[in-house]
Amino acid sequence: MQQSQPTVEPTARVSLNVEELRRDFPILTRTMRGKPFIYLDNGATALKPQSVIDEEVRYYTELSANIHRGVYEFSEEASECYDRTRGIVARFVNAQSEREIVFTKSATESSNLIAYGWAMKNIKAGDEICISEIEHHANFVPWQALAERLGATLRMIPMNPTDASLDISDLDRLINDRTRLVGITAMSNVTGYMPPVERILARARAVGAVTVVDGAQWVSHATVDVQKLDADFLIFSAHKMCGPTGVGVLYGRESLLNEMDPFLFGGDMVLRVRKEKTVFRKAPEKFEAGTPNIAGVMAFGKAVEYLQNVGMEAIHEHEQDLLRYVVERASEIDGLVSYGPADLSTRGGIFSFNVGDAHPHDTGNILDEDGIAVRTGLHCAHPLMQALGIPGTVRASFYLYNTRAEVDRLIESIHRVRRIFS
Amino acid sequence: MSLEEDLYKEIILENYRSKKNRSRMDDADLASEGANPSCGDDVELFVKLDGDRVVAVTYDGIGCSICCASANLLCEAMKGKTLTEAMTIIGEYRKMLLEDETPHFSEDLADLEAMQGVKHYPVRIKCALLAWNTVRDMFETPASGG
Amino acid sequence: MQQSQPTVEPTARVSLNVEELRRDFPILTRTMRGKPFIYLDNGATALKPQSVIDEEVRYYTELSANIHRGVYEFSEEASECYDRTRGIVARFVNAQSEREIVFTKSATESSNLIAYGWAMKNIKAGDEICISEIEHHANFVPWQALAERLGATLRMIPMNPTDASLDISDLDRLINDRTRLVGITAMSNVTGYMPPVERILARARAVGAVTVVDGAQWVSHATVDVQKLDADFLIFSAHKMCGPTGVGVLYGRESLLNEMDPFLFGGDMVLRVRKEKTVFRKAPEKFEAGTPNIAGVMAFGKAVEYLQNVGMEAIHEHEQDLLRYVVERASEIDGLVSYGPADLSTRGGIFSFNVGDAHPHDTGNILDEDGIAVRTGLHCAHPLMQALGIPGTVRASFYLYNTRAEVDRLIESIHRVRRIFS
Amino acid sequence: MSLEEDLYKEIILENYRSKKNRSRMDDADLASEGANPSCGDDVELFVKLDGDRVVAVTYDGIGCSICCASANLLCEAMKGKTLTEAMTIIGEYRKMLLEDETPHFSEDLADLEAMQGVKHYPVRIKCALLAWNTVRDMFETPASGG
């Protein structure tokens, strides 16, 4: 049962007081399968601090009103809180204006909004769309379906099968004069790998293509500045940032958003509806038809404030520490294969691996028995898995509340997998 | 109840690793693919018939130990059976996993009982059924006049 | 300050124990503008019982996991709870199968899903779409935009300006052999009027048109049986049924759902993604790309169970009683004009009115000062307002927790409006 | 602070009901529409100019008492002013509502002070500004060379 001791120093210098932060997350006191709960599935969704849960409850117990149309106090306050979150999110990613922040239901809806609202109108047969082979389905399938519908060509920046990084040697051919849209993830949800997004965006701008950055993983772990990034669109999800489920964000350049067609039609996105003709509002309202997820958006505001208080720099460093530690400790395990570039500074806090001939599902099942939550399988990234030629991975993904002690428990449990499958 | 006793018995791991029935069949009479999108299991089943009798079954694809072991056990169990006998065995197997019934397999099928422990792990039941449901659907379709 | 006493009996026979039910809604103990809070804006969104709030909290404090892909206990439980709600909703509307229930973010998204997934593929230039003049924008603007995009003709069943009911005398011309889709609200959100949906659906079926019923208002107030209704699609929103914000439903016939194109593309809605081609899953998964509003869907299940326990029949009767009472009492007010058919049995619990030359906004403002929440304005039904030739209404809309005493307070406050604007 | 004292003063109700400036202008030099989608206020403003001087302003449309009263007061206040004077008045009026400043209107514009109470009702401020912002935008546009 004794493993060899890790060679890295027992606690690296990190500025987070993790033990204190952990108290903000009520679920961390639970047990799973009778063991203290270890949550290493942050790539799927993050845990929620009490302040986020409280805000959801506050909406339902103190306001409970629909927004933007009430002449009464609770509706006014709900509207104000909803609108305030837009500003909070705009500042979090350093948007020029809060009018560049559209609330959707998920990162997935955000990419589809771009496909329906911008691409359907601006891409024609023969045009090209360029994405990468390591995209999450949310930034893959919409473009594949759109290319098929419009008769456009879908190109892909290929993956190096050796370390699951992108091979951008052929970028100038892949992104060319016919390219109308470039979609690229800022951080792989399988390996944590962060591609050279600046290089890819620069090439896209050079040919005048519109750019979509998938920040679903990245935004929760990094300091984001959309003005510096200089992408046209950035998509992300609240639930991966300690926020509630059912809220996504589309950041878009204001001018581009205003030029786009509306996506969902209905109430609140119109200025004037006549039987003959409807006049739409400007962005972001134009894209927010119907009653939104009011409680969710309000709680999302608290999540962003929470992350800001902790500090994105500190979170990033903490994850880097955990990543280095898990890679170090995993090296002691025979037959463990992990995925992603060896240069850990190009990666976020994700550790994807397989153990011997244990199928990921089996490994996940055994970890679960030890109270450890990981994700297993294809991680909505079939093309990446195909390129790696594997039936999936076990993914341990870290966040601000994870500890080295939890990594130790993970390693111990992986040894159990080894014993069973030996 | 423990993982090692219920799921990862020697017999299951052997069947998981066995390559005996793991192959594609070029001259199959029936072939069909089954997938569990939620866990990534994705297997193809091939059946060679002689009239009403199953000559051979093979499988190919990717799946966890439970999925592959159950596929291998299936291939072994189907060999030489008539379609009617095969459907009875499939029915028994499904009951064992879904209805908490003690199975009544004949001696040559006793290995199937190794899968019994899966029912303590509800999410794994669909792994243990994937190949079996795929074959059942194939056997049912020609019978229904297709 | 004394008003004449109402002539109807002080309490009608209703089977609801309203005082007891009110204790389930924590917000009802609040004050607004220093007065006991009276919530008459149920047409916009309903208040939430504690059990619904608790379920949201339970998800975030006890599970907090993403669904359908976890091999660990909390993810399994979350998946199970999410899936269970589908069955609860299916039984609530008596669908044949839970595969006929698609979760969206709102009724508005549901109608747009039909427009993008079914209508874009099946409607051609020259075809006709028939809706009514009293539709909410959610069941109006999508069809108007679609007709324009496809070159189809949008027809409208006209409104009788006298009582805001529909004039179906010309139905056979409006719904004809060229009609491919008929959209009709089952209950107006402005007047509570319930059109003769069966007649309209029968005519639609006779010409082979696909039918969309907007149940956003209706489903929260009536016993719904989609098999009896025999419409192809029914749309509604959780938040108007004591459920959370950010969850909508699309009921659709299973065969029709399976024939439709997907709408949002991404993770979870695919069986297999290859670089060349993607294979989609069947309904409902095909329409639920990305991480859904997990907490919201789970809480919605509790809302439906809550309504079922109270009993939809009893809710309907209670609202009828309040409607009769408010109509009776309002008749004492000089210069009050109300809208909707005189036959109250054709209406749900909605009372829309104006007072003298007070603009609705002014009236709403004065009621707010008295602690009363109503909605004012155009209620996302501009065409209806145009047909009535008015700049909006004040809408008091009732639900299970409202009382005759609250109606009395409303009447008193309307008298104040009269005094100010006299 | 009460509704009757702050919002629904006699002078506001009079301006709300006044039909004096409520009309469309066929020969307007400037015309523009403004709407508050959230409350349904929707007014059209018409301006007749004589060179740099405002000859007349009228409005039409629908709006609440605050919206219409403020539109009527605007029409009265603009009459005979130069564009520069008009913009100064608009600036003062906006400050009164938005910045909590005590207004310095000349005697003939004293009625505008009646709108001061609106600022205690934050949601009504946009009603009181709709016509004013619409006219300001019209005055700014030609000046900027359009």
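Labels for the chains are A, B, C and D, by order of writing; each one numbers its residues from 1.
What we mean here is this: a contact is a pair of C-beta atoms (placed from the backbone, for glycine too) under 8 Å apart; a residue touches a chain by one contact, two chains touch by 3 or more.
What you are looking at is a predicted structure, and each value in this text was computed from that prediction instead of being measured.
Asker: Can you give the shortest number of steps from chain B to chain C, where adjacent chains in the path must touch?
Answerer: Graph distance in the chain contact network comes out at 1.
Asker: Of the other chains, whose C-alpha centre is the longest way from the centre of chain B?
Answerer: Max centre-to-centre separation from chain B belongs to D.
Asker: If you tally the C-beta contacts for A-B and for A-D, which one comes out higher?
Answerer: By number of C-beta pairs in contact, A-B is the larger.
Asker: What is the distance, in whole Å, between the centres of chain B and chain D, each centre taken as the mean of its C-alpha atoms?
Answerer: Once rounded, the distance between the two centres reads 79 Å.
Asker: How many angstrom lie between the CA centroids of chain A and chain B, rounded to a whole number?
Answerer: 38
Asker: So what's the Cα centroid distance for chain A and chain D, whole Å?
Answerer: Chain centres of chain A and chain D, defined by C-alpha means, are spaced 47 Å apart.
Asker: Just curious, how far off is chain C from chain A if you go by their C-alpha centres, in Å?
Answerer: Once rounded, the distance between the two centres reads 33 Å.
Asker: If I count partner chains per residue in chain D, which residues reach a count of at least 2?
Answerer: 38-39
Asker: Which chain C residues reach two or more other chains?
Answerer: Touching at least two other chains: 69, 71, 268, 270, 272, 361, 365, 376-377.
Asker: Sort out for me which residues of chain B touch chain A in the complex.
Answerer: For this pair, the touching residues of chain B are 3-4, 7-8, 13, 17, 38-41, 62-68, 121, 124, 127.
Asker: Sort out for me which residues of chain B touch chain C in the complex.
Answerer: Within the complex, chain B contacts chain C at residues 35, 37-39, 42, 122-123.
Asker: Mind pulling up the chain A residues that touch chain B in the complex?
Answerer: Against chain B, the touching part of chain A is residues 357-362, 365-366, 369, 376-378, 391-392, 420-421.
Asker: Mind pulling up the chain A residues that touch chain C in the complex?
Answerer: 26-27, 30, 32-33, 37, 39, 41, 44-45, 47-48, 52-53, 56-57, 60-66, 69-75, 105-109, 111-112, 115-116, 133, 136-138, 140-142, 144-145, 156, 237, 239, 244-248, 262-270, 272-275, 278, 289-296, 361, 364-365, 367-368, 372-377, 380, 382-383, 386
Asker: Quick one: in the complex, what on chain C touches chain B?
Answerer: 68-69, 71, 76, 268, 270-272, 281, 285
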